[in-house]
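For clarity, chains are labelled A, B and C in written order, and residue numbers in each chain start from 1.
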Amino acid sequence: MTWTEIGWVIIGLAVVLLLFFNLLFTRRDWYPVRVNPAVNAFVKQRVRALEGGKQSQVVLGNRFWSRAYPALGLHALSVSASLVKADPGAQETQVFAAGTGELSLFARQILCGTYQDGYSSALNLILTGPTPHAFMAGFLAEMGLHSPGSVGLFGHYGPMEALILEAAQMKGGHSFAAAGSISAQAALFLTTRDLLIGEEIFLLPGLMDRSPSLQAAWISEDILRVLMIALLVIAAGLTLAGVL
Amino acid sequence: MNMPELVWGVVGFLLTVMILSYLIGDNFFFRLAAYLFVGVTAGFLTVLIARQILWPYLLQPLLEGSTYQRLWVLIPLLLSLMLILSQISQLRALSRIPLAFLAGLTAALVIGGAVFGTMIPQMRAVVIGFQPAAWHTESRSSWMHTVDAVVMLIGVIGTLSYFHFGSRFKRKTDSSDLSRPRLLQALARVGEVFIGFALGALFAGIFSSALLAMIDRIVFLGGWIARWVGGG
Amino acid sequence: MKRIIVILTASLTGLTILAGYFFQTQLANLTGLLIEWGILLVGLAGVIGVGYLFKMHLVRVAHWQKGSLLSLIVLVAFLVTVGIGFFLPPDSAFFRNWVLNIQIPVETSLLAILAVTMLFASLRIIRTRGWTLMSVSFLISALISLILNLHYLNPAIGTAGAEWLEFVRRLPLAGLRGILIGIALGGLIVGLRVLLGMDRPYEDES
């Protein structure tokens, strides 16, 4: 079996697991996941900001797709869908910031889907700059005009975005980060207590909106991860024996 | 120094000072430079997209192409029109099809990129260290090679275990529960160390490049100040 | 019915591209065409996104809201750049100078600010994250990597010192590989959820 074939097997298995668990379970809390203090803190501070009439800013990233981290854009959209579902009443104070046109268009679609009537996308969807650096500079400048109560970074970004969270903290807001490139996470590790590292980010939509479908994603990912660990051990053994 | 060089030098000097002024706190000058930068970048991007994407992929085939090319461009033209018209709030629903197309395309690229671009090459790189043939061909001693391969495998397994979502108690979620199933929990402790090592090393790289940028700006500012003070 | 057509558009497009990974030669033309259309839509979305930015600042200026003077700067800078860009030929040195002489100082200065921010943040890492296995190993690794990056330690090739140094250099790779494999696994699930219609970011109806 070649590595490419192994890749297809993994894809096939993921499809089967996702469909199986999606059809099998209908309850909301059937797969217990570990408590994540960072997410709990984010949820708490976000609610506090919204109740206090302060802005809760949701940053969707500065790219929709990248070769190294292809899924982060779609993941950010999944998170934002969960966030608007979790707080449909926060129409005025929840601000979504995107760094690309595609992200803005998708975010507009998600927002319109939730806030059906009387929703004005101009109110809470902003594009602060159309390239990664311009987005960051624009966002920092906007923060000078409107101090946020909480800022959450989701999607694709680089180490420079550590400045956004540092600025939010300086202004008394809460900061939270999920996703970003690994180098972004290395920079954010220093500046942000509430940070999700690596694959932890994929916990997020399900923690905001405990739909059975998102829990099917959790368990599928957990099973695949264990299988991959087993695969690595077996492949190492076979390579050592000269079979692979 | 000629006039354009002088003008651009002064612009660069002022922008550097304005942006660096953020170090003493958020202020009007920082925002001024940031907004100028945003405006210029947005303009540049618009020109770039018009010249490198919209013209060659849509307008040129439509205006100058053969009948066959014009026919093929009808579908993207329709998708583009739907996307543009959907900006009128009454016609918002029109964006569903082009966005669905874009989401489907991206999802497939995500799957292909994740599995064949990242997962498989990284797994291969872990396993390849166990090839006995490779141990004798390089300058490193074979025992060191073995240690390296084993540590790599343990590190990767530990790191993967750290990301396990499920908790140990399967019946009822305990609000204070942070632990994974027992074996994975033990491996995750090892993973924590390796994740720390990885992030620390990356941080060192980022910090070094950021420091170089700072030195570059200081040298730039120093050069200009020296020129003015020295009258050169 | 409408919903099914939309979901089918996403799924069929995705499945065709995915099939292109399997039947590379047979489907190369079709997948190439679909990707070209995708690039075109991304480009168009980029222009619409710039439109959002323009509209946001225009509204601010029109209603004389907070920050309207700065918004005016954005609008003027944008219009001037677009004007120069379309008026001058594509390889114009003036246009290049106009953009680069604003972009480079700003981008490099932002990176310089990051250096200072990270320096101060690293001094309070334990206060931020506490004494955990991860924070301690982060600190140790960062310190060792910074020392190694200075290239003071240069043992002769083939010696035990050189081998250990190489081992230490490669140590962070294990964690990196684990993180990358994990992110790829998560990405696979995210992508499949969109293809299977479980996640529908393109819908404007809940």
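Here is the rule we go by: contacts are C-beta pairs under 8 Å (C-beta built on N, C-alpha and C of every residue); 3 or more make two chains touch, one makes a residue touch a chain.
As the structure is a prediction and not an experimental result, all values here were calculated from the model.
Enquirer: If you tally the C-beta contacts, which comes out ahead, A-C or B-C?
Expert: By number of C-beta pairs in contact, B-C is the larger.
Enquirer: If every chain is reduced to the average of its C-alpha atoms, which one ends up farthest from subunit C?
Expert: Farthest from subunit C by mean C-alpha position: A.
Enquirer: Measuring from the mean C-alpha position of subunit A to the mean C-alpha position of subunit B, what distance in angstrom results?
Expert: Here the centre of subunit B sits 15 Å away from the centre of subunit A.
Enquirer: State, to the nearest whole Å, the distance from the C-alpha centre of subunit A to the C-alpha centre of subunit C.
Expert: Once rounded, the distance between the two centres reads 14 Å.
Enquirer: Calculate how many whole Å lie between the centre of subunit B and the centre of subunit C, each centre taken as the average of the chain's C-alpha atoms.
Expert: A distance of 3 Å separates the two centres.
Enquirer: For subunit A, give me the residues that contact two or more of the other chains.
Expert: 10-11, 64, 70-71, 74, 102, 105-106, 109, 112, 128-130, 133, 137, 141, 145, 159, 182, 187, 189-190, 197-199, 221, 225, 228
Enquirer: Which residues of subunit B are in contact with two or more other chains?
Expert: 22, 31, 34-35, 37-38, 41-42, 45, 83, 92, 95-96, 99, 102-103, 106-107, 109-111, 113-119, 123, 126, 156-157, 159-160, 162-163, 195, 198-200, 202-203, 205-206, 210
Enquirer: Two-or-more-chain contact residues of subunit C, please, as numbers and ranges.
Expert: 18, 41-42, 44-48, 50, 53, 67, 70, 103, 106, 110-111, 113-114, 118, 122, 138, 176, 178-183, 185, 187-188, 190-192, 194, 201-204
Enquirer: Can you list the subunit C residues touching subunit A in their complex?
Expert: Residue list for subunit C touching subunit A: 18, 22, 41-42, 44-50, 52-53, 55-56, 59, 66-67, 70, 103, 106-107, 110-111, 113-114, 117-118, 121-122, 125, 128-129, 138, 176, 178-183, 185-194, 196, 198-199, 201-206.
Enquirer: Within their complex, state which residues of subunit C touch subunit B.
Expert: 2, 5-7, 9-18, 21, 33-48, 50-51, 53-54, 67, 70-71, 73-82, 85-86, 90, 95, 97-99, 101-106, 108-116, 118-119, 122, 132-146, 149, 157-158, 163, 166-167, 170-185, 187-188, 190-192, 194-195, 200-204
Enquirer: Would you tell me which residues of subunit A are touching subunit B in their complex?
Expert: 3-4, 6-7, 10-11, 29, 31-35, 37, 64-65, 67-68, 70-71, 73-74, 102, 105-106, 109, 112, 128-131, 133-134, 137-138, 140-141, 143-145, 159, 167, 182-183, 185-187, 189-190, 197-200, 203, 218-219, 221-222, 225-226, 228-229, 231-233, 235-237, 239-240, 242, 244
Enquirer: Would you pull the subunit B residues touching subunit C in the complex into a rising list?
Expert: Checking each residue of subunit B against subunit C gives 4, 8, 11-13, 15-16, 19-20, 22-23, 31-47, 49-54, 57-58, 72, 75-76, 79-80, 83-84, 87, 92-93, 95-119, 122-123, 125-126, 139-141, 144, 147-148, 151-152, 154-160, 162-163, 189, 191-211, 213-214, 216-218, 220.
Enquirer: Touching subunit A in the complex: which residues of subunit B?
Expert: Interface residues on the subunit B side: 22, 26-27, 30-31, 34-35, 37-38, 41-42, 45, 83, 92, 95-96, 99, 102-103, 106-107, 109-111, 113-120, 123-124, 126-128, 130-132, 149, 153, 156-157, 159-167, 169-170, 172-180, 184, 195, 198-200, 202-203, 205-206, 210.
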